[in-house]
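The first chain written gets the first letter, and so on, giving A, B, C and D; residue counts start at 1 in each chain.
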Amino acid sequence: MIPAVAQQIWCVAALLGTTALAIASSRSRRSTALVYGATFAISLVALAGALFSLIARTGATELTLPIGLPWLGSHFRLDALAAFFLVVVNLGAAAASLYGLGYGSHESTPQRILPFFPAFLAGMNLVVLADDAFTYLLCWEFMSLASWALVMAHHREPDNARAGYVYLVMASFGTLALLLAFGLLSGAGGGYGFAAIRSAQHTPSEAALVLALMLLGAGSKAGLVPLHVWLPLAHPAAPSHVSALMSGVMTKVAIYGFIRVVFDLLGPPSWSAGVVVLILGGATAVIGILYALMENDLKRLLAYSTIENIGVIFTSLGLALAFQANGFGLAAALAFTAALFHVLNHSFFKSLLFFGAGAVLTSTGERDMEKLGGLIHRMPLTSFVFLVGCVAISALPPFNGFVSEWLIFQAVLQSPDLPQWVLKIMVPAVGALLALAAALAAACFVKAFGITFLGRARSPAAEAAGEVDRYSLAAMFSLAALCFLAGILPGLVIDALSPVAQAMIGHRMPVQANDPWLSIVPIEESRSSYNGLLVFAFITAAASLAVYFIHRFASRAIRRGPAWGCGFADPTPAAQYSGASFVQPIRRVFGTLVFQAREHVDMPAPGDLRPARFKVDMHDLVWERLYTPLTEAVWFLADRLNQLQFLTIRRYLSLVFATLVTLLLVLAIWS
Amino acid sequence: MTAASDAVAWVLLIPICAAATLAALPGYRLTAGINILASLGTLLAALSLFVIERPQPGQYLLIDDLNIVFIVLNTFVGFTTSVFSASYIAHELETGRLTPGYLRFYHAMYQVMMFGMNLAFVSNNIGLMWVAVEIATLTTVLMVGIYRTHAALEAAWKYFILGSVGIALALFGTILVYMAALPVIGEGQDAMVWTVLISRAATFDPALLNVAFIFLLLGYGTKVGLAPLHAWLPDAHAEGPTPISAVLSGLLLNVALYAVLRFKILLAVNPDAISPGPLMVTMGLTSLLFAAFMLYRRRDIKRLFAYSSIEHMGIIVFAFGMGGPLANFAGLLHMVMHSLTKSGIFYAVGHIAQVKGTQRIANIRGLTETHPALGWSLVIGVVAIAGLPPLGIFMSEFLIVSSTFARQPLLAIPLVFGLLLAFGALILRLTSLAFGEPRGNAAPADASYLPMFAHFALVLTAGIYLPGPLVVWFQHVANLLG
Amino acid sequence: MHNLAFDIAHLLAGGLVLISFMMLYQDRLYALLNIFALHAAVLAASVAWQAFIQNAPHLYVTAAIALVFKAIVIPVALHRIIKQLGIHRDIETAVSIGPTMLAGMGLVALSMVLMLRVTGAADPLAREDLAFALSVVLLGLLVMVTRRNAVSQVVGFMSLENGLVLAATGAKGMPLVVEISVAFSILIAFIVIGVFLFRIRERFDTVDVGALDEFRGERR
Amino acid sequence: MVVISDIFVQLGQMALVLLLAPLLTGVVRKIKARLLRRRGPSIFQPYRDLLRLLRKEVVLAENASWLFRVTPYVTFAAIWVAAALVPTFASGLEFSWSADLIAIVALLGSARFFLALAGMDVGTSFGGIGSSREVMIAALAEPAMLLMVFCVALIAGSTQLSTVATFMASSEVGLRVSLGMAMIALIMVALAENARIPVDNPATHLELTMVHEAMILEYSGRHLAMIEFGAFLKLLLYISLIICVFFPWQITTEGAGPLSYLVSVAAYIFKLAVASLLLAVFETATAKMRVFRVPEFLGAALMLGLLGTLLRFVSRGF
C-alpha cells in the first residue's frame, strides 16, 4: 500500500506523461479525445485518493524526491488542508476534462491547447502538494506558465496577446512577492523546508511583512483588488474549460497558498492582520461584483464575479484570523470552515457557469450578451443548469452558495465577543458589505441569465443556436447536482472539512452528522440553525400542493397571445431591455462613485430629424490611477536611458573615465 | 610530463594547432568539419581533467576547482557553437555575406579565440592571464568586423577602442598587484604566480591592493559588460556573426568575470583591504537596472538579447558581491545557466534572422506558427532567460533573491524591481515575436537544431535536477569564493 | 649613489607628468605629436635609468622600443596620416583647455593621495614612481575624453600606455615587462593602422570618431 | 406527544397565515378607502379576486418559456414557507429551527429572483423596466434588512426567531436606541419590499411608474392569482415579523395550555389590525416618490441599520 502522497505524485507524473503524449500525437485527429480522456481518468483517480485521505483522516504523509534544491530535495506532503484543496482541484479538473471531450472538438488549433492542459493540471496539483519553498514556487510558476500558454492558445487576437502579457507579468510579480516572503521566512540560512519554517520563530514585524507579501503574492493570483486587473483579461481569453479551471480552481490554489503560509507556517496571527484582510476582502467583494454588473461580455462578467467571491473568501479568512488572534477557537473554526466551504462552492458553480458560457459560445459564437437572448428555447438543458448555477452563486436557498454565506454571517455575528473595539465596530460593517455584495450578485446574475437566455434573440446567431454535445451537458449537470447536494446536505461537507479546521485552527465546528433532520448548527441550536433539506422539502411540498389544488379544482386552460406592448406591438427584439439598460438604475446609484460614470443625453430639438443619442462614459479607476501611470513612468525612463545607446566613442570613454575617477575618489575618502 | 599536464596541454594545443591548419586550408566543408573536430577534441581534453589527478600548480599553469568549471563550460559551448556555426556559415556563404577567404580567417580566428580563453582559464600567472584575455578580445574584435558593413566596422572599432582601454586599466591593476606582492614575496616570477600570491596575500599592502582591485574591476569589468562600461557589448553582439554573438555572451563575458573573481578572492584574503562586495553589488545592481530599462526600447532582436546578457552579468556580479555560500553557489549556477541559455537563444535567433532576412523585431511575428521548432525554442529560451521555471535560471534567481532578502532586505528591493522590469520587457518582445499574425518569410528553415535543443535540454534538467557530485563541487567552489 | 638614483628617477617620472600636462595644453595636432614624441623620449630615458639602477638589462629593450617606436615611428606615421587624410590641423576640444588643466591637477592630487597611503614597506622609489605613473595614466585618459580628433585620442591612449610602462619598469624585477610593452606596441600599431588605411580609410573621409556615429541613423 | 402538538401548531400557523393574508390586504384597502371618503370594496374582496383569477384561463405571450410558468408557484411556495417560519402567535414552532431570520430573508430573495427573471422572459421593455428597478431596490433593501437582522441578533444573541421573540418578550431588554433604529429600518424595508407607497404604488396602472406591477404585467389567470397571493402573504409576513421581533407580547412559548394559545391568537389579530390601520394612514398621508429617490430612501434604511448595529455598544453595552 503506497502512501497517499505517492499516489498523488504518480497521478501528477501521469498528467505530465499525458503532456508528452499530446506533443507526440499532436498530428493525429484522435488526440483530443485521447488527452481529455486521459486527464479525466487521472483526475478521477486523484480525486478519489484525495477524498479518501480527507474523509478517512489518514494522517499527513510525506515524500521526498531527489530533485529540486539539491541539498534539500523536493518535499511533498499530503495533510488535511492539501487533501481538501486536492479535492477542489481534481474535481474541477475532472469536470473540465469531461467538458473538454465535447468542447475540444470545436477547437481550431488543438495542438496549442492539448499539451498545456495536462501540464496546467499537474502544476496545480503539485502546488498543493509541495512542502518546501523552492518546490512550491517552482510549481506555482509552472502553473502560471502553463495557464499562460493556454491563454495564448488563440494568439491571433491582439486582445489575447495583451491579456497573456498582463497575466504573465502580474503572475511574475506575485511570484517575486512570494519569493521574498519565503526568503524572509526561511532566513539567511536557507531553511527552505516548510517543516523548518514552521518550527522557526518569527518576530511580529517579520510576520507583518510576510503577511503583506502574501497578500501581494497570493492576492495577485487570486485577484484581490487592486491586483485583479489581469484576471478579467486572462480568464475569458482562454478556452472556456480552461477559463473554468482558472477561475474556479487556480484562484483557489492561490488561496491555498495564503492559508498555508498565514495559518500554518507563520504561527499565531495578530488581530491587526485580521483587520487588514477583512478590509481588503470586503472591498474586493463589492468592487468585484460592481464591475461584474457593468460588464456585458458573459465570460468577463463571470471573471469579475470570481473577484467578488474571492473577496468573500478572504473576508471570512480575515474573520478567522481575528478570532484566532483572540483565542476564540470555536468562532475561528466557524469562519475558517465557512471560507473553505465557499471555496468548494465557488469551484462548483463558477466552473458550471463558465461551462455554460462556453456552451453558449460554441453554439452562437457570441460572448456579448447584447447579441444573445431567447436561448432558453433553443438550449433548454444548458439554460436549466445555467439557471441552477445563477441561483447557487446568488446565495439563494436551497443551494450551496447560501449555506457558505449563511455560515459567514453566523461568524460575523460572533464579533461582539471580540475585545478590540476596532473589530467590534468593523466586523458588522464588513458584514454589511458582504450583504451588499450578495444582493448585487443576485442582481448581476438576474441580468446574466435574463439577458442571455430569456427574452427574444437579439442576433441571427442567437436565433440559430442549438443544444450542445452530451459531454458538455454531462459535465454541467454533474456540477449542478453537486451544487444542489452541497446545498441540502451541508452537514456532511462541514464534517468533512472539520479535520482541516482542526489542523489549521486547532478547533473544529461541532459534529453536524448527528443533528436531527440533517440540519446544521454552527454554535448551538438556540443561536442559529439551518436545514437545507427541510427548506427544500417545504418549498417543493408547498409548490406541488399549490399546483395540485389549482390544476385539480381551478382552470388549467392556456391560450397563447401576443405580449402586451402598451397598445402597439414592438416587432424588433432591439426594443427589449438590454444589459446596459438593465443595470442603469444600479449604475446611477453606485456608478458615479466607483466608475465616475457620466451619462450624456443628446436630444434633438423638435422637428430636428437626427436621432437622439445617449452615451455613458465609465472609467476603470484602478487602471487609470495605478497601472497606466506606472507603465508610463517605465517607458519614460526607458526613453531617457535609451539615449545612452547612441553616444560617440569619446563619450563612452568619458563614462569609463568618470566611473574610474569616482571609484578612486570613493576609495580615497572611504579607506 | 604527467598525464594531467598532458591534458592541460591538449586543451591549449588543439586549438592553436587547429588555428594554424585552418588558416592554411581552403574549402568550406573541410574547414567547418575540422573546426568541429578540434572543438570536440578540446572538449574531450577538458572533460578528461575530471578523471585524472590534478597537476601541481606550476609557474604558468593551474588547474583547480574554480577554473575547471569554466574550462568545461567554455569548451562545451565552444563545441556546440562550432556545430551551429557550420550550418549558419553555410547559409552566409549562399547569401554571399561572407567570401571563402574571410571564412578561412573566421575559422582560424575562432580557434585562436578558444585558445585565448582556455589559456586565460588555466593560467596561474596574472600577467599571463592578462595576455590571454587580450588575445581573446582582439580575435573577437576582428570577427565582429568580419562583415565589413558600416555598422559592423563601427561596432568593431568601438569594441576595439573601449577594449584596449579596458586592457590598459587591467594591466595597471596587475602591475599594482605585483607591486603589492613585491615586498612580501620578493622580485621575480613568483610575485605574479596566483597560488603564491593567494598564500601570502594576507600580508600585502592593503592600500595598493585596493587601488589595484578598482583598476582590475574596471578593466576586466569592461569585458564583463558592466554598466556603464558596457557600450561595446550590444553593437558587437548585434553586428557580428551570430555564432560570435553566442560565444561573446556565453563565454567571453565569463572569462572576464573569472578574472574579476580571482582578484576578489585575493582581496578577500587580506584583512585590511576593502571588501570588494559593496563595489560589485553596486555595479551589479546598476547593470541590472540599466539593462532592464534599455530592454524596452530595443528594436533589433540580437541587441535585445545582448542587453539581457548585461542584465544577467549584473545579477551574477551582484550575487558574487553578496558572497556567502548560498549567493556564491547561486552566482556560479546562474553563470553556467546563463551561458547555456543565452548561447542557445542566439542559435535560435541566428536561424530566425537568416530565414526572416531581418533582425528587426517589428518585422518578425507569429514564429510559433510559421516555424514551430524555432518559434517554440525561442519561447523556451526567453522563458528560461526570464527566470521562469522549470528551467535552470529560476533556481539561481530563487536562491539569490531569497538569500539576499533574508540578509539585506533593502538590497533585495531594487534587485526584484530590476528582475521584474527585465521580465516585462522580454515577455513583451516575445509575445510579438512568437505570437500574433505571422509576418515575413514563412519558408522552412534548414537549421541545425541539435545544439539548441542540447542546451535547452541541459537547462531544463538543471532546473529540476542537479546531479549530486556537481552540487558538492559547486558548493566547494562557493566556499572557495568566500 | 642611491639617493642620486632616486632623485633622477624621480625627476624623470615627474617630467613625464609635466609633459602630460603640456599635452593637455596643446591645441594644434602637430604640436601635440611633437610633445608626445618628447613624452616617449623621456619615458625611454626613465626606463633606461631604471634598467641601469636595477641593472636589469632586458629593460633596455623596452627603452629602445619606446624610443624608436613611440618617439619616432608613430609620430612620423601620424604626421603623414594627417597630411594624407587632410585632417585640418587644430584640435577640437570637448572641454576647453582651462577646466581640463584644473581637472588634471585634481587627478594628480588624487593619485598622490591614493599612493602615499601605501606603507613604507614598499620602497619609496617604487611608491613615488607609482604615484607619477598613476597620474600619467589618468592624464592620458583625460586627453582621450576631452579631445575630439581620433589622432589626439590615439595620442592620449599612447601616453596612457607610457604611464603603464613607467609603472611596470618601476616595479623591481617585474617579469614580462618587455613582452607587455611589445604587446602594447602591437596594440597601438593596430589602432594606428585602423585609423589609417585599414577599414576606416576606405569608408570615411575623416577619422574624427564622431563621424563614425553618424551612420547610426537607420539602425537602432 | 409534545412533538405532535407542536406539529399541529405549525400546521395551524401555516393555515392561519394563508387565511389571514388576503384579509389583511382587504382591511388595509378598506381603511384607505374610508380615509379617502370612499366606501371601498368589502374587506373580503381579495378572496373574491383570487377565486375569479383562479377560474380564468391563462393567456401566455408567444415566447414565454417554462420559467415563466413555473415562477408563480415557486415564488408563492417560497413566500409561504418563509411566512410559516415567522412566529405569529406561538414561538418555538416545530420547524422554526430549520431556518432562521437570515434564511427567511434569503427565501424572500429567491422569490424575487425568479419574479425578476420572469419579468424578463417575455422580452418586452415593461418587464425589463420592472425587473431592473426591482433588483435595484432589492440590492439596497436586502443589506438593510440583513443589518437589521444583525442588530437584533447581536442583541438577542441569536438569529433564531423563536429565541429572539422569547428574548424580546423577556423583561431584560428594555428600550434601546439601536432597537428603535432597527425597527424603523425594518419598516422602511417592509414598505419597499411590499411595493407600498412611497416606494411603489400597488394600485397604479401607468406602466412607466410601475415597478412591481410592471414586472408581472404579462401574468394572468391562476398565475397572477399565485403572485397576488404571494404578495398578500409577504405583507402579512413583514407585519408579523415586526410584531414578533419588536412587540412579542402575549406570544405563547412551547408547552403552554390551549387557553394561552387562544389568548395569543387574539392578541396577534389585534396587533395585525393596529398595524394595518397604521399602514393605511401612512400610505394615505404620503405621496409616492420618483423611482430614483428610492435609493436615497433605502440608503437611509441601510444607514439606520448600520447605526443601530454600531450603537448597540453604547446603548447599555453588555
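By our rule, a residue touches a chain if its C-beta (ideal position, glycine included) is under 8 Å from a C-beta of that chain, and two chains touch if they have at least 3 such contacts.
Predicted model only: the values in this text are computed from it and were never measured.
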Pair of chains ranked first by number of touching C-beta pairs: A-D
Centroid-based (C-alpha) most distant chain relative to chain A: C
Chain C-chain D separation of Cα centroids, rounded to whole Å: 100
Chain B-chain D separation of Cα centroids, rounded to whole Å: 79
Averaged-CA centre spacing for the pair chain C and chain A, given as whole angstrom: 69
Intercentroid distance (Cα basis), chain B paired with chain A, Å: 44
Multi-partner residues of chain C (at least 2 other chains): 114, 117, 141, 144, 153, 209, 212-213, 220
Chain D, residues touching no fewer than two other chains: none
Junction residues of chain A - those touching two or more other chains: 645, 647, 649, 653, 656, 660, 664, 667, 671
Chains grouped in pairs wherever the two touch, ordered by label: A-B, A-C, A-D, B-C
Complex interface listing, chain D residues touching chain A: 54-63, 65-67, 73-74, 76-78, 80-81, 84, 95, 97-100, 102-103, 106-107, 109-110, 112-113, 116-117, 120-129, 131-133, 135-136, 138-143, 146-147, 150, 153-154, 157-160, 163, 207, 217-218, 221-222, 225-226, 291-292, 295, 302, 305-306, 309-310, 313, 318
Sites on chain A touched by chain B in the complex: 66-71, 133-134, 137-139, 141-142, 145, 152, 155-156, 158, 161, 164-165, 168-169, 172-173, 176, 179-180, 182-184, 186-188, 190, 192, 634-635, 637-639, 641-642, 644-645, 647, 649, 652-653, 655-656, 658-660, 663-664, 667, 670-671
Touching residues on chain B, where the partner in the complex is chain A: 157-158, 161-162, 165-166, 169, 206-207, 210-211, 214-215, 217-218, 222, 228-229, 231-232, 234, 274, 279, 290, 293-294, 296-297, 324, 326, 366, 368, 383, 386, 388-390, 394-395, 398-399, 401-407, 409, 412, 416, 419-421, 423-424, 427-428, 431-432, 435-437, 463-466, 468, 471, 475
Contact set on chain C toward chain A in their complex: 94, 107, 110-111, 113-114, 117, 138, 141-142, 144-145, 147-148, 153, 209-210, 212-213, 216, 220
Touching residues on chain B, where the partner in the complex is chain C: 127-128, 131, 134, 138, 145, 148, 150-151, 153-154, 156-158, 160-161, 164-165, 167-168, 171-172, 175-176, 178-180, 182-183, 187-189, 191-192, 205, 207-208, 211, 297, 299-300
